[in-house]
Structures are given as structure tokens and as C-alpha cells.
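Look at the two complexes coming up: chain A is in both, with chain B in one and chain C in the other.
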Partner chain A sequence: MASFDFLDEVRRMNKRQLFYQVLNFGMIVSSALMIWKGLMVVTASESPIVVVLSGSMEPAFFRGDLLFLTNHQDDPIRVGEIVVFKIEGRDIPIVHRVLRLHEKENGDVKFLTKGDNNMVDDRGLYAPGQLWLERKDVVGRARGYVPYIGMVTILMNDYPKFKYLVLAGLGIFVLIHRE
Partner chain B sequence: MSSEKAADNVFKWSDDGKPVKVDKWNGTTVKNALDDAVRMIMTKHFNYEENHKLMDQRLVICTISCLFAVTALIYDFLRPFPESRLVLLICVLSYFILMGVLTLYTTYVEKNHFLVVHQKDPAGVDPDKIWTVDSCMKRFDDMYTLCIMLEDKQNNISHEATLTKSVGSWFDEAGELVGENFLKDVCALHDGMLTEKKKK
Partner chain C sequence: MNSVLSRANTIFAFTLSVLAFLTFSCFMTTAFNTNAANITVRTSDHIVKSAFTPYGARADRGFFSLGLKADLEQIFNWNVKQLFLYITAEYESENNKLNQVVIWDKIIPRGAKSNLDLKTIKIKYPFFDDGQTLKGKDNVTLTLSWNVIPNAGLLPRIVGTGNTVISFPNEYTR
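The block that comes next holds the complex of A and B.
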């Protein structure tokens, strides 16, 4: 019975009010989008917030931790820093520590990474024939973290139906609810 | 004139003629239902013409901000991050500036006005008399305040009249709007303002 009451509200709205409801939804989505893009501009990273997907960096980071990254080009990469990088041809970002680094005078670097909790360095993960990573592979460097929160993202990706259900529910709620 | 119309049960409170029924415990829906009823009374009963300028300006501000967001999305998709930095920066700043503008607009220009109607002069000579209607209802409170303001540019008069009453006097147990009671109260407020004008 409650759901039919909601539909009554919608039926009673005139064209302008309906358009405003749609705009309201659009503005909420736009605000989230603009905050994300704003973070991208401020941190200079294409993915300013990432979720740790594996346990290869324990006990520093656990699966499900949320990391905040920055990627300013004038900041040099140094051994011991935790970098998030993508291997060419693969989408998934990897969070590991820099083990060895070679730097030329003009600033070009080649570096090797290893997960704290792994037995071997990452050469097994790199593309066939690739022995070193370069600046362009780096998504960002970890500057801060929040534990556990990223588990929601992992759950939503493992169960896409749950994700669509939550998003659809939120969307319908915003479209129908009048302020 | 108002007493004849009050007995007229054919007066439609909603576009599809169905009775207006709301969740009586939800303050927001009750206020919205009353606001919509006032709109119906002013436009259909008194036959004034609704002026959409306030609402339209708000819609324009919101639409432009959404357009900035969509532009940022599409541009970043076509030219991935590092190149799109400048465009993204412009769009993000413009978006948040527009949000600020919107907040200022709703606070200082729109205030509590939810309806502006024009009373056209039958002879078509004099400028319109403008009725602005405000309403407010505090959270978890049952008192609904209706404030009607009349601006008559020709005679340089502006009037204001307020009505504060519990929503319980207009809604029945099931949450249905009892049209006649509400119509009576609004007409009393409206006619009271007209007679006050004539005295002056």
C-alpha cells in the first residue's frame, strides 16, 4: 500500500516538478562525479582512491583497505615507497613496494617492485619480456589509508546483482522523494 | 461567490480527479499536498495565471550545472586523464560555483515562495496584480503557515496576510485532504485581503 502512495505523489506532479525530480537525481550523480574528477585534478592521479585487492602487502595493508594516492610528476620515486601501478595490457592496479631503482640524469627511472608478503619480486607479474617498470605505469603513490571500508567495493564487484539492486533502489528513491 | 464554489464538489484537487491522499505522519508530503492544493485554488478557482519564473530560473541553474558535469565526463572519456586536466579543472570549478549560486538563489531570491500568480485586469489596460504565496511548516510540527502577499503596482499597494493552522483541520483520519475546509480557509484569507484593499 505504501508503494502505491508513492506513485500517487508522482502522478500528481506537474511537468516542471517532474523535471525537477529528474534534475535532483542528475545533480546528486553530478556532485559525486565532480568530487571524483576534482580529486583527480588535485592529486594528478587517474585513480585517486583504490581498494587493496590482495593480501600481498600484509601487515601494512590488508584486503579491503582504501588507499589515497597522489601522482605529482615532480615528486621523485624512491626505494621503499609504496606505489600503485598498472601493468601494460591489464586493468587491475597492483599495490607493492619499490625494491630497486635506476635513475638517469634527465629524470627517467626504471624500478622493480615486490609485495611485502610475497616471496619473490614482481618480475613474474610483469608483461613477458618486461624486467622493469617505468614512470608511466604508475597510477600513484599511497599517501594515506582507511581500513576495511573498501570491502563494500569488493562485495559489489563480486556480486554485481547486489550492486545493481542497491543503485536502482537509491535511484528510484531519489526520483520519487519530494523535498 | 466563494460560498457557491465551496459547495461545488466537482472542483478537482488533482489532475486525474482522484482525492488527494497522503501519509498523514509525513510532514513533507502533507506540506507538498497543501501547497499543490493552494496552487489549484489560485489557478482554477480564482482563475489567476501562474508565473513560472522562479521555478524556471532554478531549473536553468540546475540544468547548466548538470551540463558541466556531462561535459567533463565525455571529455575525460575521449581524451584520458592527463590531457583532460584543464577541461576537468574548469568544469569542476564551474560546477561548484553554480552550486553556490543555487544555494544563494534558494535562500535569498526564492525564500519560501512556492507560487506566484498574476491577476489579469479584465479591461486589459492596467498592469497585473501579483500574488505571491509563501508557506512554511516546521519539522515534526503540525502547524502550517500560509502567507499571501499582494502587490498592486498600479495603486502602489502591497498587502500581506498570514494563516497559521494545524493540518489536522484539513486532513481526515485516513490522510485524505478535505477540500471544502481548506478552500474555505484560503478563500477567507484571500477575500480578507481584497476587502482590506478596498477600505483603503
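The block that comes next holds the complex of A and C.
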């Protein structure tokens, strides 16, 4: 059974070593989680890094590009800014640019968005009857950009089997890898 | 230790670090650019009409003819993929402390002509007020701004130096 060699590897480790590897694995998972949560605190955004999932902002952003967001409440939204917002009844947040904006004396703001690559504004995408977005709809504002990196997540979402393969592979590697 | 797999792994890891280093240098060398430029927005024939928005609300709508002069050539460098230009009408009104309406935009990709001298621009997005406060308004500021889209890095938004303040007549044009 050549394909199950790695099980022999695990069997050859003593209990203490196995325990160490499991802890090591937990350490990696929890540091990743802490980095994500830490970014949430620093950027004040509920999802500080997003992957662009549609072509509606081409040629600026393509599918699979990565955006870094911030969402500080004292930093006002202005026209021309690229915002990431959520619409009631839709799971996936949308990345589009602010086209017009009206701000009241007390700071209440309503604004309309449009994708660079779309012919019309976003009112057709909003919830039925909704004409404007408000501050509470905003998940974050795009501050930084890196191309292509998000392609991995898109592949994983499109092919769930690939995702489990990668996760299983990584898990096994971490568990049986010895320095 | 010298299997095909371990060699492939080494090459892959090295390629990734080189790419990461290059991307970071690309970002660092351009992160502190001001991306500023002088602009001129010209307008004439300001009129205001009492109109309805596509969603049935009565709102003032401004019209004017528009021209633009801006030399943005020096903004382009190795870390600029495109510029997103937009003309904003900004004003204070009875209803709102701040109104910002984009009336025109344009994407200038890398390599395209970036020394702009546009005699007449068609207003791309209708200039509707949020209510009926545009009549007789004399503090509408027109500015040209741009959002620099890099190959990798920050996404600065810059307001061009040199704005134009326009006013609308006291009477509606039918």
C-alpha cells in the first residue's frame, strides 16, 4: 500500500510527537485567525481584504484581483471613491464607485453608485424600491490594490473539490512534516 | 532531497518571493507621488429647468456646455495602469450641507492620449439636484478629479488644481 505511506509515518511517531504536530497545526490556524481579526480592528472594516468577483469595474479591477479596505467612521465618503457595499437580500458584496452623494447637516449621507464598466447606475441592483445607499450599507472603501492574488479563492469557490484537496493536502503536510 | 518535486518547490518559492519583492518595490517607488496637475474647466450657457427624475420626483436639473483642458502626462509612470477622470459639481443647498454630483467621467488607459483639450463635452450623467434648490444657486464648484489605478499599490484620489465656480439663473427655462 504505497499510497498510505504517510500513515506509517504517523504510526512511527511517538505520542508526544504527534501531540506536538497537532498543536503546531492549531497554532497556524489560530495565528491566521488572529491576523484577520487584528486587521478588522485596525481597518474598522468587517472584511478588510476582498476579492473582486465580477468584471463590472474593468479595466481597473478584474476578476481575481485583491482589494484592501478601510472603513473608519470619521473618514467621510466622497464621490469618486470605490466602495464595497451590501444589499439586503444579496449575499455577495458589490465593489462600485460613488457617482453622486448628498450629505445632511447632521452627517446623514445618501449616495448612488455605478460600476465603471456598466452603462447605467446601480439602482437596478439595489433592493426593490431602494434609491440610495447609506453609511450602514458600506462594508469598506478600497485603499489598496494587488492584481491576480485572489484567483486562488475564485478557483476554490468554482471547484469545491479543489478546495478540499488543497485543505486536506495542507493538513496532512503539517501533521506529518518533521523538521 | 534532490527529487523533481523538491526542485520544483524551490523554484516556485523563489519565483514567488521575487514577484513579491518586485511588486512591493513598484508600490514603494510610487507611493509618495503627489499625482497633481493643473486643470481648467470651462462652461457657458447655464440654464436650470424644473424637471422630473427617472423615479418620478420633481427636481431641478442644470444644463450647461462644458469644456476641459488638462495635461495629465506627467502623472503616468511604471505603476499607473489607468486614470479614472471625473468632473464633479459640488455645492451647498438648503436640503444638504454637501451635494456632490458627477456629471462626466472618462477612463484614460496607459498609453492613451493624456494631454486633454476637449472643446465640448456632452454631460454624461444628468445634473439633478436633490430637491428644487438649484434655481439661482451661485456657488456650484466644478472640479476635475482623478483616481489613479496602479498595477499594484494605493488608490489615491486627487482633485485637480484650478476649479470653476458657476451660477444658475433665477428663472426656470421652459
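Quick notes
Everything below uses one rule, namely that the second predicted complex is superposed on the first by the 170 of 179 C-alpha atoms of A that agree within 3 Å, B and C clash if a C-alpha of one lies under 4 Å from a C-alpha of the other, contacts with A are read in each partner's own complex, and residues count from 1 in each chain.
Going forward, a contact is a pair of C-beta atoms (placed from the backbone, for glycine too) under 8 Å apart; a residue touches a chain by one contact, two chains touch by 3 or more.
As the structure is a computational prediction, the values presented were derived from the model and not from experiment.
Once chain A of one complex is fitted onto chain A of the other, the partner contacts of A:Glu46 are limited to chain B, with no touch recorded for chain C.
By the touch criterion defined above, A:Tyr20 lies against chain B but remains apart from chain C after alignment on the C-alpha atoms of chain A.
Legend: residue contacts after superposition of the two complexes on their common chain; A:Pro147 is shown touching chain C, with no touch to chain B.
In the superposition on chain A, A:Lys104 makes contact with chain C only, not with chain B.
Legend: residue contacts after superposition of the two complexes on their common chain; A:Leu33 is shown touching chain B, with no touch to chain C.
In the overlay built on the shared chain, the residue A:Met119 is in contact with neither chain B nor chain C.
When the two complexes are superposed on chain A, none of the residues of chain A touches both chain B and chain C.
Chain A contributes residues 59-61, 78-82, 97, 99-105, 116, 121, 123, 131, 142-147 to its touches with chain C in the complex.
On the chain A side of its complex with chain B, the touching residues are 2, 5, 8-9, 11-12, 14, 16, 19-20, 23-24, 26-27, 29-31, 33-34, 37-38, 40-41, 44, 46, 178-179.
Put simply, chain B touches chain A in their complex at residues 14-16, 18, 20-23, 28-29, 32, 36, 52, 55-56, 58-59, 62-63, 65-66, 68-70, 72-73, 76, 80-82, 85, 88-89, 91-92, 95-96, 99.
Of all residues in chain C, only 23, 55, 81-82, 84, 86, 88, 95-102, 107, 109, 125, 130, 145, 147, 149-155, 157 touch chain A in the complex they form.
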